[in-house]
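In the two assemblies presented below, chain A is common to both, partnered first by chain B and then by chain C.
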Partner chain A sequence: MASRLLEVEDLTTEFRRDGGSVKAVSGINFHINKGEVLGLVGESGCGKSVTSLSIMRLLKDTPGRIAGGAVRFEGTDLTRIQEKEMRKFRGNELAMIFQEPMTSLNPVLRIGRQLEEPIMLHLGYSRKRAREHAIHMLKQVGIPRAEDVVDEYPHQLSGGMRQRVMIAMAMSCGPKLLIADEPTTALDVTIQAQILDLMKRLKEEQDMGMLLITHDLGVVAEMCDRVVVMYAGRVVEEASVKDLFENPQHPYTRGLIQSVPKLRQKVRRLASIQGNVPDLSAMPPGCKFAPRCAHVMQQCLEREPELLPVAGQTERTSRCWLTQTDKAEGGEDDGRYTAG
Partner chain B sequence: MDNNTTIMGTDSQGAGITLAAKPAKGRVREFIHKFCQQRVALVAGIFIILLAIIAIFGPHLTPYDPNEPDYDALMTGPSAAHWAGTDEYGRDILSRLIDGTRLTLAVSLSSVLIAAVAGTVLGLLSGYYGGWLDRLIMRGSDVLFSFPDLLLAIGIVAILGPGLSNVVIAVAVFGTPSFARIIRSVTLSAKENLFVEAARSMGARDARMIWKHIFPQTVPSVIVNVTMKIGGAILAASSLSFLGMGAKPTEPDWGAMLSMGRDYLSIAPHIVYFPGIAIFLAVLAFNLVGDGLRDALDPKTKN
Partner chain C sequence: MGRYALQRLLGVIPLMFVVSVLVFMFIHLIPGDPARLVAGKEATLEEINGIRAQLGLDLPLWQQYLSYMGRLLHGDLGTSLRSGLPVSDMLMSRLTPTLILTFMSLGWALIIGLLIGTLSAVNRNKWPDYVGMLTAISGISVPGFWLGLVLIQIFSVQLGWFPTGGVDSWKSYILPSITLGAGIMSMLARFSRSSMLETMREDYIRTGRSKGLREVIVVGRHALRNSLIQVVTVAGLQFGFLLGGSVMVETVFSIPGLGRLLVDSISFRDYTVIQALLLLFATQFILINLIVDLLYGVLNPKIRYASS
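Up next is the complex of A and B:
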């Protein structure tokens, strides 16, 4: 089996709120293998971005903090190391691209300056060599006139170009893991395809692992090897991308897939999942999806199902009583899924 | 090469960008345009430029030697020979005012600049790091704020001893907390920007984060506050000189001139009128320019 690049174990992230705290992410588990693209899917507010910020330890300026669990990157638990150590990982081993290319570059610094800094910091290059490397990276991400663009300001570039610059910056120190937090959401559809192609090409060239956070299932189908579906701060299903689309197990995943409009299908109304994500401070006691689920049973309202392997399938888990009815009677802790 | 046309041609999303993302040249032009539209601030600005010229070329502009007594013309009122009259030693008041411009501006500018530098550094640290450092700096500011401004300055001068350089220190000390507070709040909102988080995600160190990514965003607030504070600093420095804690009576400081003239208020009121008017106009001009700058630098105000 391929070696593990990143392992997230029982990660819990809390946000302080008026004396109490709410768990934005509670006890999630997943892993990414070397050179693999893992999709993290779910609707707004389900904890996708908090997960990525927790991995990067960028919660400092928020009321959030990692309350438990581990984030192992090639064996090093990132939640336990000093901030100074963590800085050596950021931008170097782990890099991140954000949703909003329009605002993720500093408007008062030239493109070159912003690209050179991490290169000088992590690779120890001189300013001159860093500049050459920056131009090389801009060419890599398909920016025309890269020699001129390094001396331009962000406002002189379009959104798609800026996202390319962000990708160039993230890739400049050859990271082993790229976290892309909705990298194409803010872009035009045609630009989206270009950016996805670019990310795919770079990923293959550099044999890099990628955590792709998105709510766009089309992007997932296009890019990912495996998918983790999140709902209300929990993983509800994990499967290979093929299995997920062919045979979704969790009712939430099914709902997500059904609500994607399809070509050549005449429907009056798009299917949608009724209701809203539950308030993080007032979660239902049983399955968190039960209030919106079409297949809700008495059991669902009382006890929350575990994330367990789907009967008869390997490398697939689901957090639903329907997919594990035979196990449900037997007790909660037998057959607990531990991938590996 | 025109930057505007190149981006407009390719970028459909560019329409909604904020002031911060506009071309540097266009921003400066827009700022000048907005500032010039405010007639009052513009006139005040021209007056300040005039003051600056007087301060620089002062010694060449005085009709008389500002320290030369003329015992034949003691406390004479305004006349063709002495436009602003003479003081109790027969010194030409206009010449002393012109010569004192340099002193007054130097004292107020340097004290405000010291306060701006100290307050900005403290505000950046406070807003960026938060936690105990933030609490320490902000509670320290609260302590300074709780004194009436002038009382604090008098206390400092009382400790350090009279003299213009100590006046500068005193005025700087009571100006620092307001800079610290303003810059702290700007820092708190500045670090919410995505590019700050993006820089952090690339492993940038704190010093670089503060200097390259947050400080530039605070510059407009610093400029506006400096201008606003100069008026207050002129008043404070003049008050201290008036109370005999600043400039020596021989020095042509506006506040010291007021102080000297008050003994003769009933027989020669012109001795206090002219320095008083000078202080009033200078303070008013700096405050008006401060207001104008604030409005012109505010991206929310439209032409």
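Up next is the complex of A and C:
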């Protein structure tokens, strides 16, 4: 087995809401190996971003808090260390880039100043040396006139350029894990491809692990080694990128793949998954996907299936009664389910 | 920045023109005949006409305005109807106490207001927030003249720490500027709290934290400057209240400043002095807002660069 960079175990994140609390992420498990790109896929509101913010412990100023589980980064449980210790990881070995390049940079500080911050903090460079390093990083991410750009302000750059700056900032201390939350969603299609190529190149050069959060299966196919599919705060399927596209197990995954428009197929209507993500405070009792599932059975409405290995395949799991029982109708196999 | 500053400076010229016309018209808006007023009740018609010609009030309005402006640009604000002294001399002798009072008030109000607002925002819904906002509400609700009298009663009469009035030393200005600044400090505290809370929700704050920066740096370097842009605007507008408030505070603490001069001049119908004070207050207000505009440019690179 390849060595583990990040292990997320039973991570649960709760949000206070109307006096009570709801679980935005409820007991998820996944891991990332060194140098591996893991895709985290799902619809809006499925808990992808909350997962990334939980790993970074950036839930401050949100009503959320980590309610249980562990996030082990090279063996250190990030949920248990002091905030002061956590700050040494952030921007250093653990870096993050966000969805909104237009608003993720401080409008009143020069680009160079913002880039120098983590470099001076984590690498202990002087201002002068940090500036040189910042210029070097800007060149690395393909920004022309890097020497001038360090003295410019964010509003003088385009969205694609700003995302490059964000990437340069995240990469500046040589992180072992980069968390990218929808890094290309807000960008034009041509710029998207450039940014993805850049991230791929940098990842290869630095042998860095990456958690890529996206709802775009095209990006997943392009970038990822393995994929975790999330639905309603749970992992519903995990597979290698090849297996996922060739043989999706969970009906939700199949729905996602089918709803990607294909060029050669002429269809009157685009396929879509009926219905909406359930409200976190009013979850169905059984499988959370049951109300929208085309293959729903009686037991799906009663009990939630666990995330279990798919029969006959390694490194693959699915949270569906259909993939866990030999007979699709199920019901006779309760013993195995409770034991598993 | 240079071009932006020039634009702002040039923008002041038409504004000053409008102000000068309004102030000039003031003497003609008073009910009754200024010449008759100057001449006094016992004057004959001939005397009144003589004074009218002497004051230039028999000339067409535009000629009067031109000669008024001509005198104004030479620093001649006329003579007081009451004392016969040059108005400009009267203003100069009264200017210093008012300037010290206003800027001391604005200074402490800005510093304490920002501090309370920031601490409240950072500790939202915790005890520093409650204490800060209670202070702010009290500051807004308490009438200035009452606060002034209470301060005199406690700190001057009973404790004897500060004089009850006058301008003998720097100590004399402490109580008046607390009185004058309390309202503005409170407004600024409340405003900077809400502005700070808004800024703390911005994406770049999360970026700052994701870099591993300490919370003090995130707030001080990344949030404060952005929320200052909004606070500065309010501070500039509040300056108008300071000018109004100084009239009251100078009366309560018997400070020989411009506010007291205004009150005295109104009760003696000393129109030339009132006219000059109007012009001075309006100019001050315009100047402060010019400074606010320039600060805007300093704080916000978008404005600085958009016009260059």
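Operating definition for what follows: the second predicted complex is superposed on the first by the 325 of 340 C-alpha atoms of A that agree within 3 Å, B and C clash if a C-alpha of one lies under 4 Å from a C-alpha of the other, contacts with A are read in each partner's own complex, and residues count from 1 in each chain.
As a working rule, contacts are C-beta pairs under 8 Å (C-beta built on N, C-alpha and C of every residue); 3 or more make two chains touch, one makes a residue touch a chain.
Here the structure is a predicted model, which means the values were calculated and not measured.
Visitor: Once both complexes are superposed via chain A, do chain B and chain C end up clashing or fitting?
Guide: Aligned on chain A, chain C clashes with chain B.
Visitor: Of the two partners chain B and chain C, which one touches more residues belonging to chain A?
Guide: Comparing chain B with chain C, the partner touching more chain A residues is B.
Visitor: First (chain B), second (chain C), both or neither: which does A:289 touch?
Guide: neither
Visitor: Go through the superposed model and pick first if A:103 touches only chain B, second if only chain C, both, or neither.
Guide: In the superposition, A:103 contacts both chain B and chain C.
Visitor: Going by the contact rule set out at the top, does A:153 touch chain B (first), chain C (second), both, or neither?
Guide: both
Visitor: Answer with first, second, both or neither: which of chain B and chain C does A:188 touch in the superposed model?
Guide: After superposition on chain A, A:188 lies in contact with chain B alone.
Visitor: Quick check for you: in the superposed arrangement, does A:252 touch first (chain B), second (chain C), both or neither?
Guide: So A:252 meets neither chain B nor chain C here.
Visitor: Which residues of chain A are in contact with chain B in one complex and with chain C in the other?
Guide: The answer is residues 56, 58, 61, 87-92, 95-96, 98, 100, 103-109, 117-118, 121-122, 153, 155-156, 166, 169 of chain A.
Visitor: For chain A, which residues count as touching chain C in their complex?
Guide: Contact set of chain A toward chain C: 56, 58, 60-61, 87-92, 95-96, 98, 100, 103-109, 117-118, 121-122, 153, 155-156, 166, 169.
Visitor: Give every residue of chain C touching chain A within the complex, in rising order.
Guide: Residues of chain C touching chain A: 200-214, 221-222, 225-226, 229, 299-302, 305.
Visitor: What does chain A use to touch chain B in their complex?
Guide: 56, 58, 61, 87-92, 95-96, 98, 100, 102-109, 114, 117-118, 121-122, 153-159, 161, 166, 169-170, 188
Visitor: Can you check the complex and tell me which residues of chain B touch chain A?
Guide: Listed in rising order, the residues of chain B that touch chain A are 3, 6-7, 10-14, 17, 20-24, 191-195, 197-205, 208, 212-213, 216.
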